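One chain, subunit A, appears in both complexes that follow, with subunit B as partner in the first and subunit C in the second.
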Partner chain A sequence: MKFDRFDRLIIVFLLLTIVGLSLLLSRTIPERTTKIETRNMERELAAQARQALLDKLYSPVAASMQAGQMQEALLKLEEINVRYPGEAHGFILKGEIFDRLGVPDKAAASLVQGVKLNGDYIDKRSSVSRRDLITRLVDSTLPGAVSAYRNSPVNAVLKENLANLNYLKSRLAGGCE
Partner chain B sequence: MRFDRHTITIIVSGLLLGFFGVMLSVWGNPENSGICVSCFIENSAGALGLHNNSRLQYLRPELVGFVLGAFALALSRREFRSRGGSAPLLRFASGFFLIVGCAVFIGCPIKLFLRFTAGDLTALCGVAGLVFGVWCGLKGLAHGVELGRLSPAAAPKGSGLLSPLLFSMLLIFIFIPPVFVIASDKGSSAQHAPLFVSLAAGLVLGAVAQASRFCITGAVRDVLLMGRRAPLLWGGGAFIVSAFVVNIASGRFNPGFAGQPGSHQEYLWGFLGMMLVGWLSVLIGGCPFRQLVKSGEGDTDATLVVAGMFLAGALVQGWNLAATSAGVPLGGKIAVLAGFMMLLAVSVLVRDRG
Partner chain C sequence: MTLSSRRILPLLLIAFSFFILSSCKDQSRKVVKIGYMNCNNEQETKHRFVPLTRYLSDKVGVEFVMVPVDTHDFEKRFNQGEFAFTHTNSLIYIVLKERKNLTLVASEKRGNFGSRSGGAIIARKGSGIEKLEQIKGKKFAFGPMLAPTGYLAEYDLMLRSGIDPEKDFASYTIPSGSFKHEKLIYGVMFGEYDVSAATLMDLEVMTKEGKITADDFTILAQTPLIPYCTFGAAANADPALVEKVRKALLELKPTDTADVDGEKVKVMKAAWIDGYEALVDKDYDPVREMAKRVNMPPYQKF
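== the complex of A and B ==
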């Protein structure tokens, strides 16, 4: 390929543009670092603010749970859930209460709703993680749920319970979602 | 069957794909997603701010590696050539629906076999769908349904460089992330192998796939056409055996239908999603992975497919079309049927009846 004068002119302008772009980019590096740090801080602030709000909102429920009054905790939770019906934390607490009350099928159903709304509850590294609770629930109840369903495959309740436990098992196993 | 140099290259590609496909999970990528082109595209689209699912935002270095590895090897072998110009809009739309099909199944054809070799038996519906889709595509080809041939004359000189340049820009974004590039700190995108390991694996796989023309749907297509004489059969076999052995060796083989990572039990939609991917792949000449490799070789048509894939990567998340362990959302089912409508309309309207 032979370059004529026009080509050479274009190449010179291309090189000048690359130099200009590099200069601009190098000048933006300090600004970029500050912005990224600010964004990370905002993310952290939002997470902590959410946690603080949830703690405050659900504190009556947590107090009843700590006192071992699970029925009362459930009633208080229902009151809050009327105001915030789509909040994952409510479903997770409900799952915890049902688990402590020894009603694993209802616990699984509530935990499924919570995890579907907010996957943070099943993440290992999340501050709100309930992974240990969910793992224990799945490990202890899944074998029984499988055999119960096999004995009565037309029972819709058993089928739904098994589906819920399998969903939680699948989320615990990981994958890209 | 003679094991010539090309066949050996294909077998090596299959072995490496299986090895890295599992090992990248061992090194940090999500379970059964060591390599998943559709997942990586959804992650990368999110990282570029194209969707706001905060759990799926990470610029995957493997993706960049596939294109730049193929580009480097094509250049060194003097096989880089700008070519294209056949049915660009249809290819763009096909790229879009490729990712829709993958998102409804949960995974590209590579991940399909990675899931299967890890014992995820729900992937069987995807295998059946992919094979049936490729068979449908071949029937279409036999009846004159094709998007036309690539032509170096139709593509402006140098236009094939666009894809390697864009992916080089993404490479810069990986090392010096601009403010708008986002990285999830939770969810599956927060799980990733070390950057240099991911990039190196991507570069190696892109290069060997360029040399061998390895492609999952291409392997299925060749087997359906040529039977045991197809060299890609050996590559596909090597991939499956390699992935299976590494899965067992790393303790990741858990056979069963229920509770598998990143899978659902809506088998019909898993089948249809992969059928759509198989059929489209025959029409446009390769699976999502092959499209990335071809775009690195200067194929501008494949670059348009990749652009369509990125748009879909954003929209399957933004419009809630992607399946999860909970199942396939209604929007995903509608999108798959829309993909079939496009395919069927193309089969009638674009058919060469001469």
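== the complex of A and C ==
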């Protein structure tokens, strides 16, 4: 096989292309990693900022809850809910208050609303996780809710409560929204 | 008789017959009255419950008529047969259940606790009254005497906590006129009373409306949750009709509307309610126990 000048020229161009691509790739990969890191950091920052805002915003509610003043906590929550009516954290706190007031059906309904809005509340690795509370609520009330519904299957309220508890159970088991 | 008058007369007769028939059609719809207990005043009751009454008429196919009734006249007017269906608080429901075998139709849902509500004992924040034991010797105010969560539940709570309202206060009163529940809360806020009973529902609503803030008051104690507003039916009411009313109430949705004076009005919004729930009579036992302990109707002993 004989190489003429034109073949040599093509080989040179091919080599140059390979060298060029290698250089380009070697520069691009670290850049990508940086982008991913940046995105992770941005996500982390957003999560921390949200957590700080929630802590500040709902601190009066948390203080009343800590003092055992559940009704006062509920009223403080109402005040905040006027400004932030669809905030998942508000529903979660309401669920906690209802649980401590001994109203498990209302607690389940509020927790469902919160978890539907933000799955972090059921994620065990999340800083805002309420997984323990939800697990305890489901474990302690689901059997009673099942038998109550079986005794009165036409009762819409019992049916709704059972549906809420089953929803929380499925989310605890890893089911998605 | 001329020819033209011979022709006109049958035509007039036919027209008259149609008029009579169309009137008969309207009158053929059965008229059933519902007595609504006034919470504050008649005007407010009408404003709240005319749309709901129209909704029931449309759904059930019966001409329901609303009758606003003062709380203290309710039993007497029910006994006189003025209305077949009742909308009252849970204490009046029990009175009529025990004495006239009223049928439970449906229980109203409103506020944080749905078909149940409770009462609280409140003091102004900063007044130095921080605990229930400290209310002895103070000026106290109750809500209306037949109010389950503005009087009965708080009176019962105090008795169970070793406080006798008849002996342990410097004085106690019930505000006069309408809007008694709000007057209690404002009365404590502006120093008219040291301590008062307050329904959780009023605290919740007034907070939402920005009339008060949670920091204005110290909640000294909270009563158990009990059923509140209740639809009932007279024992002799047609069971099929009762069932239809129950179904219509339980099926009520936030989007349901009724025509009132040519305007489409959202029924639940106008009535300030979140719907209805099918409680059973046994759910009202906590109210019965309270009424027995407080010596109130229908268990009052002299």
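Rule of thumb we're sticking to: the second predicted complex is superposed on the first by the 152 of 177 C-alpha atoms of A that agree within 3 Å, B and C clash if a C-alpha of one lies under 4 Å from a C-alpha of the other, contacts with A are read in each partner's own complex, and residues count from 1 in each chain.
Methods note: a residue touches a chain if its C-beta (ideal position, glycine included) is under 8 Å from a C-beta of that chain, and two chains touch if they have at least 3 such contacts.
On a predicted model such as this, the values are computed, not experimentally measured, just so you know.
Contacts of A:36 after superposition on the shared chain: subunit B is touched, whereas subunit C is not.
Of the two partner chains placed by the overlay, neither subunit B nor subunit C lies in contact with A:51.
Between subunit B and subunit C, the partner in contact with more residues of subunit A is B.
Once the two complexes are overlaid on the shared chain, A:59 sits clear of subunit B and of subunit C alike. Residue contacts after overlaying the shared chain place A:140 against neither subunit B nor subunit C. In the superposed model, A:125 makes contact with subunit B only, not with subunit C. Of all the residues in subunit A, the ones that touch subunit B in their complex are 29, 32, 35-36, 39, 43, 112, 116, 119-120, 123, 125-126, 142, 162-163, 165-167, 169-177.
Only residues 60, 64, 69-72, 74-76, 78-79, 82, 94, 103, 106, 154-157 of subunit A touch subunit C when the two sit together in their complex.
Remark: subunit C residues 112-115, 120, 200, 203-204, 207-208, 210, 213-215, 217-219, 222, 225, 250, 277-278 touch subunit A in the complex. Per the touch definition, subunit B reaches subunit A in the complex via residues 30-33, 36, 39, 43, 55-56, 106-107, 176-179, 185-188, 190-191, 254, 258-265, 322, 324-326.
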